[in-house]
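First chain A sits with chain B, and in the next complex the same chain sits with chain C.
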Partner chain A sequence: MASVIHFCDIKGKSLLSRDYKGDIPSNAVEKFPFLLVESEDDPVSASPVLQFNGINYLYITHNNLYLLALTKSNNNVAQIFLFLHKIANVLTDYFKELEEESIRDNFVIIYELLDEMMDFGFPQITETKMLKEYITQKSFALERTKQSFGPPSALTNAVSWRSEGIMYKKNEAFLDVVESINMLINPQGKVLRSEILGKIRIKSHLSGMPDLRLGLNDKLNNNSKGVEMEDVKFHQCVRLSKFENEKIITFIPPDGEFELMSYRLSTPLKPLIWVDCKISKHSNSRIEIHAKVKAQIKKKSTANNVEIHIPIPEDADSPKFKYSNGSLKWVPEKSIIVWKIKQFQGGKEYAMKAELGLPSVSIDDSSFKVKRPIQVKFQIPYFTTSGIQVRYLRINEPKLQYQSYPWVRYITQSGDDYTIRLNE
Partner chain B sequence: MSLEKKIKKIFQAPRKGLVSQYASERKDSIKQVIAAMTVGKDVSALFPDVLKNIATHDLKQKKLVYLYLMNYAKTNPELCILAVNTFVQDTEDPNPLVRALAIRTMGCIRVDKIVDYMEIPLNRTLQDENPYVRKTAAICVAKLFDLNKEICIENGFLDKLKKLVEDSNPMVVANSISALAEIHESEPDLQVLKITKEVLKRFLMALNECTEWGRITILTALSDYETEDGNESSHIIERVIPQLQHSNPSVVLSAVKVIIVNVEKIKSVNLEEYETILKKLSSPLVSLVSTPPEVQFVTLRNIRIIIEKYPNILTNYFKVFFVRYNDPLYLKLEKIEIIVRLANETNGGLILNELKEYGYEFDVEFVKRAVRAIGQIGIKISKFGTKSSEILIGLINERELYDTVTITLRDILRAYPKQQSSIIIPTLVQIQDQLIDSEAIAAYIWILGEFENVLNYEIKLTEYVENFLELDSQIQSSLIYSLVKLNVKTGELKSLLAQIFNKVDLIENIEIRDQIYLYWRILSLNDSQELKKLILLKLDKIDNTIPKFQPELLEFLLKEISSLNSVFFTTGVSKTKKTTQIKKIKDIQLNLQNEENLLNFDDDEGISTPSEDQIDGNGGSINILDELNDLFSSSSIQPQQQQQTQQNNSVSKDLLDLF
Partner chain C sequence: MKKVIANITIGNSEMALVFTEVLKLFPIDDFELKKMCYHYLNTYALVKPDLALEALPYILADLKSNSPVLIALALRNLVSVPIKEFIRESVRPLALYLENEDPYLRKTAAYSIARLNEKDPKIVQKEDFIAQLNHTLGDNNPAVIASALTALHDITERSDDLKLTINRDHAVNLVELLPRCDEWDQASILNTVLNFVPEKHEDAFLLIDKTIAQLQHANSAVVLNAFKLLLYLLNFVDFIEDHIPKKLASSLTSLLSKPPEIQFLILRNVILLILSKPTLIPFDVTAFFCEYNDPIYVKDTKLEIIYLLANEHNLDVVLRELEEYGTEVDIQMSRKAIRAIGNLAVKLESAAKPCIKVLLNLLSNGIDYVVQEAVIVFKNILRRYDQYDYIVPEILEQVDHVEEPEARSALIWIAGQYCDKITNPETLIADLTFTFREDPLEVQLSSLTACVKLFLRKPQSSEKHVLKILKWATEEVNNPDVRDRGFFYWRLLSIQDKYPGSAKDVIDSEIPLISGENEKLDPLILEELELNIGTLASIYLKPVGQVFRLAKRKFLPDSPARSREASRSSSRNRVNTVSSTRSIASSENQLPGHTERHIDDFDVPAVNVNQPKKQGNLNRHMSIARKSSGLLSRKLSIRGAFH
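Right after this comes the complex of A and B.
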């Protein structure tokens, strides 16, 4: 229950705002840039919730913007943050990119959307698909005789995410099973922490009001051989109590693309891409990096767009590379070298050697040791690490009774934290 | 050009456009006005001209005019009334969007006079056939209540709102509950949100049909409901548990809240069920650690509350809280807080190795927190006392962490004076010259006084004695105490003591002066054996330096999951302007379990020597104070912070008296 929502630029100055409750002075936002500076100066107390003079400043960042909510009372913080993220999502759907420029160019429609998405501080309608049905970038004249420009009836129904009367010539549903792997590996190749964050995304091109049932090879269906998911989260279209009681996933899908479910597994994994890296520092002259990378996946599989980011000292320069595969690049602004391998077949192993010069007078104290890890990015198509498979997707539209075609794709990729620690 | 003319010129163009005979020109001018308003220009002078455009069939234009009205109604209250007619008419428009827009805007025009005109349109829209209009009208009741309670009650809107809770449409139900909750917050005595058995049933039914936001509303209302007995609690939990699978993390947290509020009632009825329910919380909580950083932050703060009450539910998941390289600092620090609390005999070794890695990270604040965490675990689990000392000593030389490590090692020495002194002291002695921070120097001096077998301690202390007047009072106090202690133990150091005693008149700090006089007196007495014994008393062994919540505060926070209070660990962000319940425990802040040990050390003896209190404060509780301040540093409620500090400085007895 936010009182005011602000869009602020990178310095914290308000670009556009909507006051929902009128209980916060309009100049309160002027303090925001100062609070940001303060929290930069005092990193220990920095957090996304700042307080000043009895007013709470809750903010998220998006591109070059701050989305800021102000409130006085003891509110549900998680809800407000989620709502701010939702605003960012909806506006991104509308303008492709949400940034300072798109706020200035589209202020009329943003006001309209803000009005529709929140009322008196209570979040209302936040589904882009539904909003797009009656809030458009095109202006239209009201015709008193026609009812057609009213709010979509589905808006307030129990199935608030899908309109009636959707028609497709060819009825298809595309399923993407995407697993992101987060892993922390020590220099010896031992996995310290690993998790699989899975998502099932659906692109639905189905007519009418279809009722879908998804079958997976998970343990939830009393299948002892199946994959045991630790926690599952569903899109609001999935009937949660049906799942809780019978472990069946049934739903009426929104039209178009959406994320049906996400799941998490923390089963111990072996590194999929393993980098063995030795860095020897000849102080005051040069640094030598020897790295071997191995794709520890099935021979039939291929990892695509593999990127290995190896940290180097900030003051290293004039790199010399020797390598057999891929490409090597020095990125001085991030103090890393990036090794890219477009296609990496399972079981293969590649090596490289890099040599960089170090200034004779080092800027940082040699006793001040900072370690940074190697970070790895990759994609492996046609493969899920957890072994999860879609058994079936039954599509039933009681009135139309059409033929439909589900398509399934699998992909495993690196999550935002696939890191390998370095020795010394 | 005079300023006045300039302003005139700025307004002339749109003013002309606003009254143009061409519709498109008028619309463009309105857009210009709104654009100017958006960038913060005061365009209230155009009020009458904008108002002329209110009667339009162009919905976009209507919205813009309404937006303008909401913004500048306060500056032109009289003119606002001119718009009333259009509003009332619009609530009869055939298009439900227009009807809803009209009633929504009317409630946002915060002008007293408008209240008189709201009765009819609000009544009409509350009974509208279209749910979209009804859900908007429901919230308008809360807006009216905020503007004028009396009129809202007199016209029976509260009862009508209560009726809407029974509406057939889930979104209308959700908004009605939201509106009632809002009214309840500002005026609890009206008891507008009384949950009866009938209402409860309705809530649970609507829960599965609502949008994500509606679910949060209902769950929040449910968590305020006092159940009759364990059976009812168990029924509610059963219906709420499926919500833990919702993709919106704030729905999940709200469901966790309902479960936590209710689960204790089941404990006495059915222990097995109680355990099962708690187990079901683990996985959803862990998943919340993979949400956007801000939401993660809220989650982590709440997890800290939850695991203090239910320490076991996340013990097996400790690895989830290992920091990620790209986490923002506030998450990294919060994760360490969780890790030290989850550490136990089995996982402690793994956790210490992980914390050791953090010691090599770039961010200094993070590294410092990691160092303190290593000490906290070493003290909490005696099995790891040696291991954590070794890690700390390893870190001391590889990173410039002398200050933090010294303070942490002092705590470890207090926990294991015999076992660890042989490893720690030789290292500490070597880094004396590297210490900068007053607390670290004070800690170092305290250690020298406590362990008299350090070689050449006299030389080491001489340097400080010579610069005595320039030292921070914290160091001065620690130095005096250590010199006295060593003197009593060995009979040496008389010359150093004399040097300080001679300077006593030059010391500005009264407490330090008093301290010196007091020791001087004791040392010069012939028959001071008893007192000297007292000086040599060892501080009580500490066995935990991880801050804990006061029990009352903990119980309070458990009912506050996901709220601002739960993020700040306070009771300070009031839910209502008039809540009394919160005031009662307002004074309760965090407390340490071992605080008593630290502070009442002279209670048993019956003789109170202020100097010992002082030393004690320097010796042990300062770093805990730091931690407490850390906990509260995000809060800007200054008086509370001060109170906090005072509380901790005073003897624990006073603390207890407060409650």
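Right after this comes the complex of A and C.
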């Protein structure tokens, strides 16, 4: 339950606001920039929840904006944060880009949207598809549209995420199974921690009110071989009780793109891309980096757009590179060298050597001692690390009985945190 | 009109002058224009109440239109304008539309009643809206039921004498409704079911069965509210099936892949759970290891969790991880990690030795802030255990790296306390206290004590220096604390001949042991926080009444289904409330500028971090609240009679 929603610029000054309850003085937001500065000064207390004078300031950042919710009562914080994220999503869908400029250009429609998305501090409709059906950027007179005009009945139906009467010439559903790998590897190649964050995204171009049933090769169904998923989270369209009792995933999908489910696996994994890196420092004059990278995946598979970020001291310069494949670049702003390999076939191994000069007088000796890890990015198409597979996707529209075409794609990629620690 | 709205948006207050012009636009039949007019009306109704009244007929006309969207708009705005006439006029349409055939309007009407209640609770009671909302709970549309329920919940939360009670059938019905509701409604329904008090174990089991599926919802608000409800229900069962705690744990850890703000919330709640139900929910410590790109507040909270979860079994992994953080790029992080290692050594006796090894390792790094932090925690470790004094010389080697007051005063304390263990302590202490006159208070105080300690143990060699310091303290320092301590020591020393040993008894006596059990929160507070999982109070980890003055306090209600042992222990807690909260009060009432450092003034990780900054007012408020806590417990016993 948020009392007021503000959009603030990068300094924390309010650009636009909507008051839902009227229990917070309108000048409360003027304190926000000061609170921000204060929390930056003291990183210990920096958090997305600030409190002053009995008013709680909850904010998220989006491009050059702060989305801020003010509240006085003890609320479900997840609801507020999630709602702020949803606002960002919806407005991005409406304006392509949500930033200071687009707020200034579209304030009327933003007011309209805020009106519909929240009532008295309670979130209402947050699906862009549904909102777009009755809040458009064009103005229109009520007289002409009197008959058809009204909120889509779906809003208050059991299936609040899909309206009736959707028609496609060709009925298709595209499934993307995306697995992001997070891994922490020590310098000796031992995996300290690994997890798979999987997502199944669906783009549905289906007519009517189709009922879908998804079959996976998870352990939930056949106990022997299959994938055991630990934490599964489903889109609101999935019938959770059906899954809980019978382990069947059934749903009426929203129209267009959405994330059907996400899952997490923390099974131990071998590194998919392994970098063996040695950095040696020679008497304060230069630094030498030897790195070998190996794609430890099936020979048939290929990793695309592999990027390896190797940290170097901040004051290093004049790099000299020797390498067989890909391209090497020095990025002084981030104090890293980036090794890019467009296509990396399974089982192959490449090596490189880099030499950088160091100033004879080091500014701050400790800057080299603090460790930053190597970060790796990659994508491997047609492959899931967990081995999960879509067995079938049955599409059934009881009234229309059309033929439909499900498509499935698999991809494994690096997560936010695929890192290899360096030796000192 | 767009221009007018634009001006409102930038806060141009002169726009109130065009009120009459805007009024002319009101009857025009254009939806976008109407919305803008309403927005304008809402902003300036209070500035020009007489003009606002002229808009009333237009609103009433809109209420009779046949477009549901327009009616809803008019209805919402009618109750938002805090003018008497508006409120009076809103009563009839509200009652009317609560019965309307369009669910969208019923829903809007329900929310509007909640809004009306905020403006004028009397009228809501007079017009019997509560009974009407109750009636609406029997609606056939789930969205309408949810909104009526939310409205009722909001109304009862605000009122002292109304209480939302949900009986068994209602609770079951509501939970069965969940699959047919949209995600936000699910979240609020789950929240309200918390008002149901199960009388039998079977009822609780039934609800648990029906709710547990919601843990797998993609919406984290739903997950958290389901979590809260489940945890609450678990109080009313006689045994807990194995898979439930596991499910609860994994439902939270899986939310750690959400945006950082949500992560932060989850992590704070994990702390709460570790403190309140350490044995119930099995968290895996590796799930909380920091990622390189985590924002600092997430890392910080994870670090606390790692510390709290550390035990004999995972010590190896934890320590290795903490050592990594010790050399992190981020200085704050690195410091916190070192402090965590130190606290760990104090908390777990078996961990002390490996922790010390890691710390010595870090110490040899020679990075200033690492060394300083390490020195501070070493002081605590030495206080806790006697057998590790062999590390003293190694610590004192780092003298050159130590500059910050806290670290210096720790170092000086070590030097003074262990002056027998080091070679040539006289020069060392003389060096350390050389800048005495310019040092900050904290350092001055510990310097004084250290010098006198040294003198008591080695009177011959240090007499000259002690006299110099005492002279400085009493004659050249302006701070009364330092001066008083100086005089006090001086007199103690000068009566040594008459009462031998007296100075030693006071200054250099056996030091009281410290323990690592500082992270406990009051069980009653924990109980209340558990009922507030996912809310702001769970982020602050503070009793609800302390953060939110107007909020109703929540207690775990008694019921025959509550396991007997649990209810007995909690009633005991209630009797204890007065004394235990008072002890918190005394420790919190220390003024922020109060720099006197108790030797047992430990870093209390779980409770200290991320507290809201301005506490002066709150504390004062708290102490008032506490005075009346005797009343509170009396009230509680009355509550008991109801069940």
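Criterion: the second predicted complex is superposed on the first by the 416 of 424 C-alpha atoms of A that agree within 3 Å, B and C clash if a C-alpha of one lies under 4 Å from a C-alpha of the other, contacts with A are read in each partner's own complex, and residues count from 1 in each chain.
By definition in this document, contacts are C-beta pairs under 8 Å (C-beta built on N, C-alpha and C of every residue); 3 or more make two chains touch, one makes a residue touch a chain.
Keep in mind that what you see is a predicted model, and the values were worked out from it rather than measured.
The superposed arrangement places chain B and chain C in clashing positions on chain A. When the two structures are aligned on the shared chain, A:D416 is found in touch with chain B and with chain C. In the superposed pair of complexes, A:K353 makes contact with neither chain B nor chain C. In the superposition on chain A, A:F81 contacts both chain B and chain C. Of the two partner chains, both chain B and chain C are touched by A:R264. According to the touch criterion, the shared surface of chain A, contacted by chain B in one complex and chain C in the other, consists of residues 1, 15-16, 21-22, 43-53, 56, 58, 60, 71, 73-79, 81-82, 85, 107-108, 111-112, 115, 119-120, 122-126, 134, 139-143, 149-151, 155-158, 160, 182, 184, 192-193, 197, 230-236, 239-241, 243-244, 259, 261-262, 264, 266, 369-373, 375, 416-417, 419, 421.
Per the touch definition, chain B reaches chain A in the complex via residues 31, 34-35, 38, 40, 57-60, 63-64, 67, 70-71, 93-98, 100, 104, 107-108, 110, 130-132, 135-136, 139, 142-143, 146, 169-172, 175, 178-179, 182, 185, 208-209, 211-213, 216-217, 220, 239, 241-243, 245-250, 252-254, 283-284, 286-287, 290, 292-295, 297-299, 317, 319-320, 322, 324-326, 329-330, 333, 354, 357, 360-363, 365, 397-400, 560, 562-568, 573-576, 630, 633-637. The part of chain A that touches chain C in the complex is made up of residues 1, 15-16, 21-23, 38, 43-54, 56, 58, 60, 71-79, 81-82, 85, 107-108, 111-112, 115, 119-120, 122-126, 134, 139-143, 146, 149-151, 155-158, 160-161, 182, 184, 192-193, 197, 230-236, 239-241, 243-244, 259, 261-264, 266, 366, 369-373, 375, 416-417, 419, 421. Across the complex, chain B is touched by residues 1, 14-16, 19-22, 42-53, 56, 58-60, 71, 73-79, 81-85, 107-108, 111-112, 115, 119-120, 122-126, 134, 139-144, 147, 149-151, 155-158, 160, 182, 184, 192-193, 195, 197, 230-236, 239-241, 243-244, 259, 261-262, 264, 266, 365, 367-373, 375, 416-417, 419, 421 of chain A. Those residues of chain C that touch chain A in the complex are listed here as 2, 5-6, 9, 29-33, 35-36, 39, 65-70, 72-73, 76, 80, 82, 103-104, 107-108, 111-112, 114-115, 118, 141-144, 147, 150, 154, 157, 178-184, 186-188, 191, 210, 212-214, 216-221, 223-225, 250-251, 253-254, 257, 259-262, 264-265, 284, 286-287, 289, 291-293, 296-297, 300, 321, 324, 327-329, 332, 334, 365, 367-368, 532, 534-540, 544, 547-551, 609-614, 617.
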